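As written, the chains take the letters A, B, C and D, and residue 1 is the first residue of each chain.
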Amino acid sequence: MTTEPVRTAPPLAAVPAYTASELLAVMSARLLKDGQTVFAGVGIPLLAAILAQKTHAPGLTILFEGGVIGPFVEAGKLPPSTNEQRCTRRANMLVSITEVLLMLQRGYVDVGFMGGAQIDRFGNLNSSFIGDADNPKIRLPGTGGGNDIASLADMIVAMKHEKRRFVEKVDFITSPGFVDGSDSRARAGLPAGGMFRVVTDLGIMGFDEATKAMTVVALHPGVTPQAIKDNTGFELPVPADVAVTEVPGDVELAILRELDPARLYTA
Amino acid sequence: MTQSYLDLRQKTRERDRSLRDKVMSLEEAAKLVPDGASVALGGCTASRTPMAMLWALIRARKTGLTVSRSIMSTEGDLLYASGLSRHIITSWFSQGIVWGVSKVMRAYTESHRATFEEWSHMAMGLRYRAGAMGVPFMPMRSMMGSGVVDRAPGARTMECPFTGETLLLVPALNPDVALIHVQRCDAYGNAQLDGLSFMDIDIAMAANRVILTTERIVSNDQIRRHPDQTKIGFFTVDAVVEVPFGSAPHECYGLYEPFYSHMDLYAQMTAKDPDKGAAEYLERFHYEPKDWADYLSRIGMAELLDAQRRGSGIYDD
Amino acid sequence: MTTEPVRTAPPLAAVPAYTASELLAVMSARLLKDGQTVFAGVGIPLLAAILAQKTHAPGLTILFEGGVIGPFVEAGKLPPSTNEQRCTRRANMLVSITEVLLMLQRGYVDVGFMGGAQIDRFGNLNSSFIGDADNPKIRLPGTGGGNDIASLADMIVAMKHEKRRFVEKVDFITSPGFVDGSDSRARAGLPAGGMFRVVTDLGIMGFDEATKAMTVVALHPGVTPQAIKDNTGFELPVPADVAVTEVPGDVELAILRELDPARLYTA
Amino acid sequence: MTQSYLDLRQKTRERDRSLRDKVMSLEEAAKLVPDGASVALGGCTASRTPMAMLWALIRARKTGLTVSRSIMSTEGDLLYASGLSRHIITSWFSQGIVWGVSKVMRAYTESHRATFEEWSHMAMGLRYRAGAMGVPFMPMRSMMGSGVVDRAPGARTMECPFTGETLLLVPALNPDVALIHVQRCDAYGNAQLDGLSFMDIDIAMAANRVILTTERIVSNDQIRRHPDQTKIGFFTVDAVVEVPFGSAPHECYGLYEPFYSHMDLYAQMTAKDPDKGAAEYLERFHYEPKDWADYLSRIGMAELLDAQRRGSGIYDD
């Protein structure tokens, strides 16, 4: 369990064939490779991981924070959290929460995959406090395993692209990205893992190898460089030759809709 | 905060750890939890929550507990609202992702009426594990570089004498009392868990007193037929209470899933005015019922049957 | 698994009704109290623990190093080590070796109970080297869990009383007793546990509260103070009013012989 | 000795950890163990010893291994005598209490032809556990005040920053290869253990390569019916070899007890002239047999049937 669900508004770019959440799920799924091990939160991350399993990555292994390794979630029975029995459907192995998190620490996980409420230029995530931590405007649910996953794995974050969510500096670092940039993450005691990709309804972001600042890797169809900059609270570079993603395919969308017929996560 | 080894040993030595009948009522077990105690809860989020035991403690008007758990769901709200605890130590605290951020948690913490002390999920696990192992800390490799570590009392970095790396040491958590709900155990407290074990095994070992609630009490002979399935040993257990549907409206692996309609009802009741809503909820479901069966009746028979049907489905092909 | 088996010669005191090993087992069993938890090695310790269970301590809980809690060993099927399936007969719980040793560290065990090859004035035990450790005359099997048990529990040691086994200073401290006496054990990092009783075929020894040196608590029938001193390689005080133990009873002996009909441990 | 975190992560990253068929022969699996590797063995004393895999390594004339195990029995003798390993790290080393001190161990160590590095049993367990957890050490509370700690490479005391107590830190053990024998696993390496698990779960997590031998390969479907029984996960496993009676003449819980007559034969053969006796034993039971079935035949059918009858008896009333 990592952050609050991504409850998105209709997509900015006028492509009525899919919702913003479906776009997020499809784009995220495509980043996962066959044979990888992915530690997934519920919501978009889980949907994306199952979608990848059912398309190009049948050998993808999913881990849940509740202590679940290699489950096959049933269509229409998405678990409400990563810590309940629905997560364990046809799993290969169940262990304690502490053990599954230690597998991450031991290095058995390739990708950590979670949603995000607030992110900054260096990929730090906040799911604890809006405003000052000692006197917050909003007390959020907190880290869960988010901090552990972000500290120990290569991260994919799926979230809605809004100026208030993409901020210069997060109010509070719940889950560390590259901390203050360059080698500050390793210096803080986190030599492994780090932000790999941020997937939004506008595009896909990566991080500069030297400065570790966020940069655009690809834009979704119909999204202009200016549009993504306008929806970001910090200077977000868009390379001149930026790639454009392929629109979600019919098969991908059909699978998503079968998985979540009640549209709990994809509305 | 971290107990000295001699203190910890002394507390354990004073316990009657022998193989003996420990069966009692919820009300008797509630007397084993003194006001102000530090209490750890088994399960996680809406799964195997020791709801019946918390229900009994709320009814007994206990106060001042410090309560820790891997992840807190609605029971955390009820701890705050009832005054049972105003200090919660956990890694994530809200009803559940589908219900959004807890209004009750927000109301109490944002007004500084209560504290939510946040640790990473692995840190919670390793704090219990250190307590279970009888050592004062565990080394780990997360939380560093975050704001969480700065606010986590007692966490400290060290330079590893073997590798020169920076590690985080988190202090052992040895709660005064652990409350754990299981599918079955014997009268002595040998508990066998199905499915997800969460942090319960470490919590039982770490605590200085353990109260088990159980869906069913089975014979010691049945336990001994599969001793490798015993996950909590009798010698750590001080009380055994049989309470069918003892996690309701949360789930108990293989037996019942969460009572979703009731969970929705709770979310609705607390959405607008969290203080008033939680108070009403407590009145209706905690203080007024004459017993646990009455509590379940108020949640509703149809709800119970539905949760049970979904719960047992995990074993279907 | 702690030390080599106690293979004793016929008892010095002429009481032909029982062997020295049987005497050891009976005297040790009587030291165990109902409701206690005892971490037992195979051989005499296990026999004594079962004997106690079947007589005055039905609620005695036995732990084995293999990861066994609360077994009931069958007569005639004594396990050859504490790490094999026979140890698990009708057990309450099986855990890993590391876990069962951690239960000891956590403080759940009252008494550690093992055999001994060589012991000194301060109750230190050697089961590693006879002679110099760098160039030993005999390389013994080593500590197993003996060191852990002796470091963390109140200890009962059952062994044969011979001058070459009761030495001024052990060649090597495998399992610490009171180290150099007085508070040196605690200062070494072992604040809990320590030697409680040493049971031999001649008597029962305890340790002085201040100096932590071995002293006689009781003599077996027919054993003189001089006899026990003569068989000890260091100055062993015998109080003037030293107690005398009661001879093994018929019931005790009958139970032992039923448990070990092949006389593997009681010959 | 203690691997840096980045080294350990890199080794793990390079492994193919996906859900894939890993079934191979003993001979193929032997190729996964390079000369000079550090190797950990599952099981304990005469229980679930990975005897068939060691047998294959001896036949493949591998050399220079550093071998660790919780407790070593006759397989330790054979490691020394075959030259497979001359450096053994363990807590206790001899055939078994009823057979007295191992003559072969004595002959090799007292003549300085081989090393027996001694740690306490808990220290062995915690070294594997630190390795399994991905941290460079574990704190513990034994070994101090003894001669064992002085001779244990890397063990060091620290003053606890929380309590001021003296603790011992033991370094993580992350073996290059782990050899573990189990009752059953699937083709991917999901292993379910019955009875005593010893240190196998931690060893599998700690190692940089895992070779499973198994009494039976079962379907992945069978594993998934009881995922809470899976004790070693496929993602840690690199090879799966089906070898019935793969621990013979040692035991495999619930299937066969030790082959006692053969264990007596071994003790007799090595009693007088340990060097010559062990060489003869290796010739007759390791080098000469044309395959594993021939090895078992030489131990004897009557022995096998007797061990099996006694082994399955653990489940009788």
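What to note about this one:
The working rule: a contact is a pair of C-beta atoms (placed from the backbone, for glycine too) under 8 Å apart; a residue touches a chain by one contact, two chains touch by 3 or more.
Predicted, not measured: the structure shown is a model, and the values here were computed from it.
Once chain A is ignored, the contact network of the remaining chains holds as one piece.
By count of C-beta pairs in contact, C-D exceeds the other of the chain pairs B-C and C-D.
Comparing mean CA positions across the assembly, the chain most remote from chain D is A. Centre-to-centre separation between chain B and chain C, using Cα means, comes to 41 Å. Note: centroid distance chain B to chain D, computed from Cα atoms, is 38 Å. Chain A and chain C have CA centres that are 59 Å apart. The distance from the centre of chain C to the centre of chain D, with each centre set as the mean of the Cα atoms, comes to 29 Å. Shared interface positions of chain C, i.e. residues touching 2 or more other chains, are given as 68, 88, 94-95, 102, 105, 191. Counting partner chains per residue, chain B has residues 5, 134-135, 140-141, 165, 167, 195-197, 228 touching two or more of them.
If the chains shown are joined wherever they touch, the resulting network has some other arrangement, not a path, ring, star or complete graph. Inter-chain contacts occur between A-B, A-D, B-C, B-D, C-D. On chain D, the positions that touch chain B within their shared complex are 2, 4-5, 134-141, 154, 156, 158, 160-163, 165, 167, 169, 171-172, 193-197, 228. Those residues of chain D whose C-beta lies close enough to touch chain C in the complex are 44-47, 70-71, 90-94, 96-98, 100-102, 105-106, 109-110, 116, 118-123, 125-126, 128-129, 140-148, 151, 157, 165-168, 195-202, 251, 253-254, 257-258, 260, 311, 314.
Per the touch definition, chain C reaches chain D in the complex via residues 1, 4-5, 42-43, 65-68, 80-81, 83-86, 88-89, 94-98, 101-102, 104-105, 128, 133, 136-148, 151-152, 172-176, 179, 184-185, 188-191, 264. Interface residues of chain A, counted against chain D in their complex, comprise 34-37, 59, 61, 68-70, 88, 90-95, 102-103, 105-108, 110, 191-192. By the touch criterion stated above, chain B contacts chain C in their complex at residues 5-6, 8-9, 12-13, 16-20, 132-135, 188, 190, 205, 220, 223-224, 227-228, 230, 233-236.
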